[in-house]
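Letters A, B and C mark the chains as written, and numbering starts fresh at 1 in each.
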Amino acid sequence: MARKQREFRILGMTPSEIVREFFSSGTGKVAAALFIVLIVVSVYALVTLPPNFARVWNNPKYWQLNPQYAPPAWIDSIMGPVYSPQIYVNDYTFTVQHQDGVTYITVTFNVNYEYDKPWNEIFIVINNPAIYSMSQPPVVSITIYRPDGSKITLGPLPINTRVTTLGVSPEVVSQVNLFYSEEYHISDVVPTGSSATPYLFYTVDDGKLVPLKGPYRFTMVFYVFSQNSSVINRKDLEIVLQGQIYGLMGTDNEGHDLWLGLLAGFPIDLAVGLLSALIIVVIAVIIGIVAGFYSGLIDEALMRLTDFVILLPAFPLLIVFSVLFGWSIWDAVIFLAIVSWGASARIIRAMIMQIRNAQYIESAVIAGASRMWILRNHILPQIIPFILYLLVTNVPGAILTLSSINFLGLAGSDTQHGVHYSTTPMSLAH
Amino acid sequence: MGMALLEVRNARLYYATTKGIVKAVDNVSFELNEGETLAVVGESGSGKSTLAKLLVRVWERNVTLVDGEVYLDGKEILHIPEEEFRKEIRWKKIAMVPQASMNALNPVIKIGDQMIEPLLLQGTNKDEALKMAMDALESVGLPRDLVNRYPHQLSGGMKQRVIIAMSIMAHPKVVILDEPTSALDVITQANIMNLLKKLKWEYKLSYIFVTHDLALASELADSIAIMYAGKMVEIGGAEDIYGNPSHPYTQA
Amino acid sequence: MGLARTLAVRAATLVVLLFIVLFVISFALAGPASKILKDEIMMETKSIIRQLMLHGHYNSTQIQQLQTQIVTELENAYGLNKPPAIRTLYIMYNMIVFNWGYAYFPSEYGNVGGGKVVDIILSALPGTILLDTFGILLSAFIGIEIGLRSALKYGSKSDRAVMYYAALSNGIPQWWLGIVMLLVFSFYLAQIHSPIYFPTGGIISPRYYELWLTDPIKVFAIPQAALDLLWHLILPLVTVLIINIGGWAYFARTVVLNISQEDFVTFAKIKGLPEGHVVNRYILRPAAPSILTSVFITIPFIIFGGFLVTEMVFHWWGLGYVYNIAIVQSPTPDLPVVVALTYASTLLYIVIIFIMEIVYIMLDPRLRE
């Protein structure tokens, strides 16, 4: 007896007994595996994503450099180099010269173009607010040395916002058109309303536009006219080539990185699932134990209540309340949990009734054991595995239900899985 | 001519469990003559019920070995195809009253329908079969209109009688009684024992009576076999065993 | 007598349940949600006024007068001028007598019968019955059959395969699979110019739409129309089947495994009954009541958790799709439709439950007295 007491036990069971009990069932294995994946990804998401990700998600500026409706980046590794990837240019040279009160900053970098579909756009980003309100903003002029020996000169363009979009400036469009009419005698290559950037990477073969593959050299010269010559510095400068493919899962119509969205959904999913499962299990265990333990009127009343809750059409009620009161996802979780404990409570009650009528309980009662003692020593140890099972199986269930609710257009939340699954493939389908 | 009705030679049946191989029936041999009753006595776990299951070839999934020979009327029946055994032997020649006969009746089918099922499958017409069922019920001391009842409307003793009635309906040669009275109160137990004696004379039945109760066994048996740990440790005439036991288990 | 009493108690419980749901909805509508109702009345009034301005010649004071008059009339019609308690009862009464008001459905969804909510719901009912009822029954039938075979081959490779499939299908949302099916069998197949591809949604081609909404029975009389319906039905039905069969199989397998350990099954084998007979009469027949119990506990989850959303994915003109259109209706949700649908589905659900209770009692003799 004394030896047994020394072991660590949760409600009469060693942890290994609980674990063995649970993992022996096939459903338990699947549910537990899902659960573990959910926890691991959630922790990863919480660590890697910024804490205010929901706000970041809704800020279109954060995503403006990304392509829209882009397929995932890995399709190039299947189809060969077809789509240009998103490139953040890091290895550029940065030299500063002063002359006659004007600062010349020369930035050069090389890119190797080996794809069929060129970059959509080139962004020059200056993360220095001082530049946005200068009376005489800096200007940039760009020279592109192409693999066939030709060169295109663009600009000068004023730099007075955080993001300068190269290809949409009318000046650049006309310069690219001019280049094509001089070199290849084709006029107006850039369709009106389109960016000129992709045409930097084309040549003309047999009267048709074809990709010109090979190394490109970019030289950007920034002219800063102010005394404050450090408004453009290495730290604040970003050059981004917007690709046609992006990330692990591609992007949506606003350039959102869907992989990040999915990732951000995991902690919310986990919290939703856990909260719902906890509420269900706590109510079910309390009702089940009370009903199973006290027979007679209390049991009868509780079982009527349980029957009622089981029969209650929770989903339509949820819809009507969500619509009437504008419920959030959390209201919906709590409501669904509060009306979903019926079946579990019934099973727990049945288990307890069975245990209570066993021979050894009778002998314990005769020997003078109190109800609490029997509950702690005989009943709880036997229902603990079931409670664990309920907890783990209810988490994925709650998540699935909530994704359905979300999909129906109820209880909106920005980074919940329903939204993502719903927007991506549907937008492809139409 | 001296040939036994049922002859079991070196029967073995092993189970695989998490704790290893269990030799539930280990090298058991015995003979049973026509009209004779053999009581198989042993404590629980001695393999006596498994022996009963072996004879009707209905065993659990985790069986690893079934071996030996069982002759009925001189014909080997342990290794004939399952379908042949089912059609020719099971119930028609060897019937069995199972241990948990309280739950042996299908709760959602009427007693009468359950009784006549084997007959209907053999092509007997329904009215005739029902009449036979009623006769059988009468011969075990139950009212004829019981055919229209459901099992939950019957007491434990009545259910046991229904099952005995079912077993004699097929006119089998051997009836295996697996603890037929263990779940019943003393008076019902005595009634059932008297019924079994009566039927034995009436239908010239041979019983294999599996029980843990030596006193009860001696009431019905011509010879008694004692089983211990899967082996048949002693076999002999009822008087011999009861009066002059040789194995330590029997002595105890 | 006992049987009648049991049934009466169940019927009473269900009616009480229906009334409580009705009361809760009506109370919510009459009290906290009356502001939404007022907004909707204003909207309705404005649209009527706009119509009047288009067709008649009124000056601004007349319009103003008309507007006040219409608002008052509508408020009276909705009972907004009465205290909340009276209003609750009034709404309840209107619900019960199927006076469900008018919907703001845009006409592109086939506004039959002048937009009466009852008509819209009635027009959506055949679609729901076709996909949901048929889908549930077919998946239950196939699933139970698979589960049974799986249980009889306990531990075999096929048994394990069925179990993994069941676990997997349990974890996939029905609407997600629906989208994938659309993507593959409608979008991609059409892209590669496959001779066989499926529609991107809808219940039937536009030329039969009118007929389906007004007289769905007639559609089955025209072979082309029936085929067209079938062509639209295949993708949603297959989606529903793939997801639901697994659950049924798992459930049936568990029940069969439990029951085959019962003594009466062993005894049936000892009696020499053939295996098919044992399975049908000694395993499936006694299992029927517990299978049914499970059906009616899970049916709301199956319908509301999966089928309604599936209808939406496939733009299948059923109650779920109507629900969705009503919910996402801008600027405010189409309240009369949402409320009426909730009441209608509760009513439908309670009728189904009661039928199942009766079947349950018929199946299990132990409950008959």
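Following the convention adopted for this analysis, a residue touches a chain if its C-beta (ideal position, glycine included) is under 8 Å from a C-beta of that chain, and two chains touch if they have at least 3 such contacts.
Keep in mind that what you see is a predicted model, and the values were worked out from it rather than measured.
**Student:** In terms of Cα-based centroids, which chain occupies the most central position?
**Tutor:** Per-chain C-alpha centroids ranked by distance to the global centroid put C first.
**Student:** Comparing centres built from CA atoms, which chain ends up most distant from chain A?
**Tutor:** That would be chain B.
**Student:** When the C-alpha atoms of chain B and chain C are each averaged to a single point, how far apart are the two points in Å?
**Tutor:** Here the centre of chain C sits 54 Å away from the centre of chain B.
**Student:** I'd like to verify one number: the distance from the centre of chain A to the centre of chain C, where each centre is the average of its C-alpha atoms, in whole angstrom.
**Tutor:** 32
**Student:** What whole-number Å value describes the gap between the mean CA coordinates of chain A and chain B?
**Tutor:** Going by mean C-alpha positions, chain A sits 67 Å from chain B.
**Student:** Touching chain A in the complex: which residues of chain C?
**Tutor:** Contact set of chain C toward chain A: 13-14, 17, 21, 24-25, 28-29, 32-33, 36, 163, 167, 170-171, 173-176, 179-180, 182-183, 186-187, 200, 250, 297, 300-301, 303-306, 308-309, 312, 323-324, 327-328, 333, 335, 338-339, 341-342, 345-346, 349-350, 353.
**Student:** Given the complex with chain B, which residues does chain C contribute to the contact?
**Tutor:** Per the touch definition, chain C meets chain B at residues 154-155, 262-264, 266-274, 277, 281-282, 285-286, 288-289, 363-366.
**Student:** Would you tell me which residues of chain B are touching chain C in their complex?
**Tutor:** Residue list for chain B touching chain C: 56, 58, 61, 86-87, 90-92, 95-96, 98, 100-109, 117-118, 121, 150, 152, 163, 166.
**Student:** Quick check: in the complex, which residue numbers of chain A touch chain C?
**Tutor:** Counting only chain A, the residues touching chain C are 26-27, 30, 34, 307-308, 310-317, 319-321, 323-325, 343, 396, 400-401, 403-404, 407-410, 421-422, 425-426, 428-430.
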